[in-house]
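Look for chain A in each of the two complexes below; its partner is chain B in the first and chain C in the second.
Now for the complex of A and B:
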């Protein structure tokens, strides 16, 4: 019961987490990679895969409104399989995407500081959040939302980008898109951490408000991913494959930075809080899976955080190794694990629900039959 | 039946020969009797005129009974019978007058208290430009009266408990029956009953026991010295706890955003109130983070400074012997010393010490090259800004130090990560079952009407959703309904004309 309380999340919080999960790591290195692989049409494959991801989020919502993944009424061995798959895919993603985040921080905000300090600081915070559970991560994200909203508004108000729409030409759907989508699968399919939360109806719930939030989330996700990709392509064109960090380069293009110095800090900080949320969700998924086998939540969270920290600092260590990992066979494993677990969990949940529906009407019929029999017996007794 | 000599000796022994225990021995209806009271606690004139003189003048023979005392003495409060000497001793210690009569079935308690009290005045930490200027004092009855005067409802309920082995401090749990959630009231009463301590000297002792997390940096129990503030919270469905001997009244459940709400916000226009609340929010964030950000920028991210300001800062810090982190920590410590001194120092030397603080520490230290001007200015503004939210000054000043240390070591990312951790901690706290960061996390849009942007008073039709209550409706009509009503009245008048 207490564990369920740690993971209870409201619908609007779920939408916010979905937004952060989808957007965070698609705005850093991915635009550069897509331009390299798919030239100026990278935004098309970005749009396709983001839409697929959003559709899978709907499946995740369908599962989690009945309870978290490990609370479903499915056989325990199946839950164990799910836990192993999700743990491994979350571990791969947390190391690969975490390295990208650490590289972003060390190069953009510092003068190339060592990864160890940043990783330790980042993982300490994210491990704490992971240990606290989905509810605390969701609530924290609701507070961070104001920083993100303020930063995006600041950027929208003062942006000073020279857009060249011709950079989007020519429109062509070619094999390059499939190659790009295949090579960078690691950056897509991040929905399994949300399987461990239990989505509940918010108090004072109004349906129109939920519909409005859903529409805003979808639009916001598309704008921040596909919109940023289009903006990146229009601004840098083919030269985008040389731009190491899309988000920071776009956000530094604002009027104020020419007047008072570096003013891309609000948008950078907004991305950092999204990174903390996303990373915490991955560690949270690992903690939930490991806890399924080993029990002690705090210890398990600390060990997961420590292992991820060691892998980021000493096994990966730099962006080149990170890229090799991200584009190796690990991407297929992670991507298909994400899809397989989600779809399999949904199917298993529906099967168990069907079974319950079948047994419940039979019970009622049996009761009605018994009542008829006893009534008939009493009448027969009276007559005799 | 009481034996006069025996009970007299027992009571005298219990008080261990203290000099302020007064005894007046007399004969009532031919029986030996004695009044016990603590000197300085009673209204001696009323006692002599209404109780002592009539009893002394009484003729007759027979046991002293309640009916006889009711007939022959005049009291403002009813007489109570006390079965045993233990309770009698407790009542005498609490300032009551106890009569012991030979052959009576029990002791008799009179209540004619009169003692020196501080006048009801404006609390020094909650001054307002507009609004009531009454504040609670140390007397429980006066505080109860100040609340009762504003909430003239029979549903206003006070339940009194005695806590503290030696102090027997009276604690009153105050709530509006039919509005406050009974589960929360019961929970608070249970927590107070569990308090096992020698003595309660101030309401903060009680708040330590009412807090759900004793090691938390942030206060989980609200406190106010103003009756209008407490009444407002009671009307929202909260429970107030009054402690005898303390002017600070506690309120529960307590949420983080209540720190940003002041009583004056409800007496001025909502536009101004909204502006002031946003200023308070930014003042708190600025005060806590600015010293740390300044150190982080100097140590790790000087490229983020605008060029002209960078040149100015470099010029100031050139000859400073300390690193930015140590310099800032020293300045913070000095300001904390000044802060503490200004509260404690006698008025007679305040002028001289203010001169020392301002001129010598401020200007001379900067001129001597010990500290830079910008660090002194930032810490000064930060310290002043902390007092926008006086109730959170303890946690804010500690966090300020923490952020300076983190900023010096890890830079802006460290500050952001620690801020994230602090926010996550705040999001994980519950106050009697309610999320501490409610109504922002989880989001309760209805309650935002009393958040940083304050709505008009007429729109407060329902009590806050973040506080459990038995009755959500606060008022029957809203602005639209009022407008419709006045429109209908106008139409009716026009038709008549």
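Now for the complex of A and C:
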């Protein structure tokens, strides 16, 4: 596959990637941390930050439909700055969030297996996906999507959750919410990896279907983050501060487990595939940035994977250190980089577009039509 | 000229990943199911600052004969005991299929929830594991050889799952236990179980409740337990018996709901709305109006008895402090707030 084909994805694939990017790590340890910091009102800060994140996704979409970040018509030094910021932010997130994922797998699927085995297996898969590019990650996620959908259906059919709405009250907007939001910033603002893909219209999709998918993605994201946080608070109340792995504890299939004991595999699988996608996206962002400086895609992907593996296993190593890293000053840096790069890239793109319009007067519709046609043709060429 | 392709690159990568996964799974010491001791029930108590833990296993031989085996050990920590029990049973002790956790009074009132936190935080037990309190030594419940041939813990686990929303004891899962401990007042109510013998028949009695906030405790008799059930459980079944002039009547519960409110002046109100079916048994000479009056009075007495018994021990059994907190009433902030609260019970009965 040609290099420029690697990062082209359709709009519905972009929505799926955006959903996975936002949801994955907000449903594991974060609910527990929010209950610790903001008691029963943690869902409010979750809602606020998720909405901000979704708004930023719209900006990312605005950029990527004109090409990936490194294809933008901006000075090379600026691309270099973007690459450094995104690389460092993705590196921090892949190690901190990655170690949380490894911890989840080691406790949920296995009986406290050593981190090294899980990290190696996970990174071998994710590095391969990262090396193959955004198109392969998006296509894999589309296939994985059915596992997630079946797991949610399973949950709806067999869950037997005892909800206590009293646990949500009283509704209070207090300083605790701001403190919680500040302390757990690391779990928010994960949109820069998507800046490296190039979104183009699917040739066979009608416009209303995209609108429908967009609405479903927004609703799905809110349900899976804010809805889960509400469900978590209703189920565990203040005791939520003892309950890690919120997703698995909320969605344990009570009716089945009454008969055969713990049966969490569908939930674990659903989250695992989301984790693979998210982790791959972070490594993919690192690979793209490193490739910008050093060129060889396969080599930089392997080196990035190896470095992340070493940091997760030998520097972080356990969930306590992971928590310390995630709540240290690194969170401000990662959050700043995510927002700064996205906004700056959008501004730079608009300036370059204005310049182009001045030099070559052409109607906007004609430009868009041309871009869509060429993108669709190139993607079909890639598939062929 | 293109070089001939011997191996497709994609399949090579997939083969390498598979090889890594398979190799790692051999390297890691994962015990197979046959090398594990699957625990069905656990008993736990505190004795002289040491935990005494018992586990019940099911051993099935080739002739389909079921044998319930009980092992026990003592130690300073649960981890230490589990290691010892693994050694004794000859297989790694696996707790994730545990049906019931039987706790002793001392563990519930003196341990400060250390053991329970261990089970919850380390995700040792399934969220639906039932928790009960034992009148006598919890190990006795596990050791009981019941007349139906089942092990005490195994029987209890299945029995509690079956009663669900019936009138009587309220089954408590470990998930609900820990949630209630974190509510204002920290009160938990558990089925209070004991081994009973009538002639040759040995059975486990599950009709009463044990209430504790981790320090104080109260025992609810059968009537007060019914009051607890009407106030806190959304009932969907069971029978209620009543008495009138030496005659007995019985009604079937169709459903029952309750609503608890606390006002700023320290008055709590419980509204219980019930629907009964009087087809079960109606004594002669009682009209429906009279029986409704009797049932209302009976339920009100049960609920009041439950509340007063717990109030005497400073136990906020109906979570009135939590209700006040949820309504932004600062009543709960006062120490001993429960003593200032008066309870008003109103019962609405409709017959089908």
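Observations on the model:
The working rule: the second predicted complex is superposed on the first by the 358 of 384 C-alpha atoms of A that agree within 3 Å, B and C clash if a C-alpha of one lies under 4 Å from a C-alpha of the other, contacts with A are read in each partner's own complex, and residues count from 1 in each chain.
Simple rule for what comes next: contacts are C-beta pairs under 8 Å (C-beta built on N, C-alpha and C of every residue); 3 or more make two chains touch, one makes a residue touch a chain.
None of these values were measured; they are calculated from a predicted model.
Of the two partner chains placed around the shared chain by superposition, chain C is the only one that A:114 touches, whereas chain B remains out of contact.
Once the two complexes are overlaid on the shared chain, A:124 sits against chain B and chain C alike. Touch criterion met: A:238 reaches chain C, while chain B stays clear of it. When the two complexes are overlaid on their common chain A, residue A:249 makes contact with chain C while staying clear of chain B. When the two complexes are overlaid on their common chain A, residue A:136 makes contact with chain B while staying clear of chain C. Shared-chain residue A:179: touches no atom of chain B or chain C. Contact with chain C, but none with chain B, is seen for A:164 once the two complexes are overlaid on the shared chain. Look at A:58: by the touch rule set out above, it reaches neither chain B nor chain C. Shared contact residues of chain A, touching chain B in one structure and chain C in the other: 110-111, 113, 117, 121, 124-125, 128, 260-262.
Partner chain C is touched in their complex by these residues of chain A: 107, 110-111, 113-114, 117, 120-121, 124-125, 128, 162, 164, 166-167, 169-170, 235-239, 241-245, 249, 252, 254, 257-258, 260-262.
For chain A in complex with chain B, the touching residues are 10, 12-13, 105, 109-111, 113, 117-118, 121-122, 124-125, 128-129, 132, 135-140, 142-144, 202-204, 209, 260-262, 265, 269, 272-273, 276.
Those residues of chain B that touch chain A in the complex are listed here as 300-301, 303-307, 309-310, 410-414, 416-418, 420-421, 423-424, 427-428, 435, 437, 440-446, 465. Contact residues on chain C toward chain A in their complex (touch as defined above): 13, 16-17, 20-21, 24, 27-28, 30-31, 96-97, 117, 120-121, 123, 126-128, 161, 175-176, 178-179, 181-183, 319, 322-323, 325-328.
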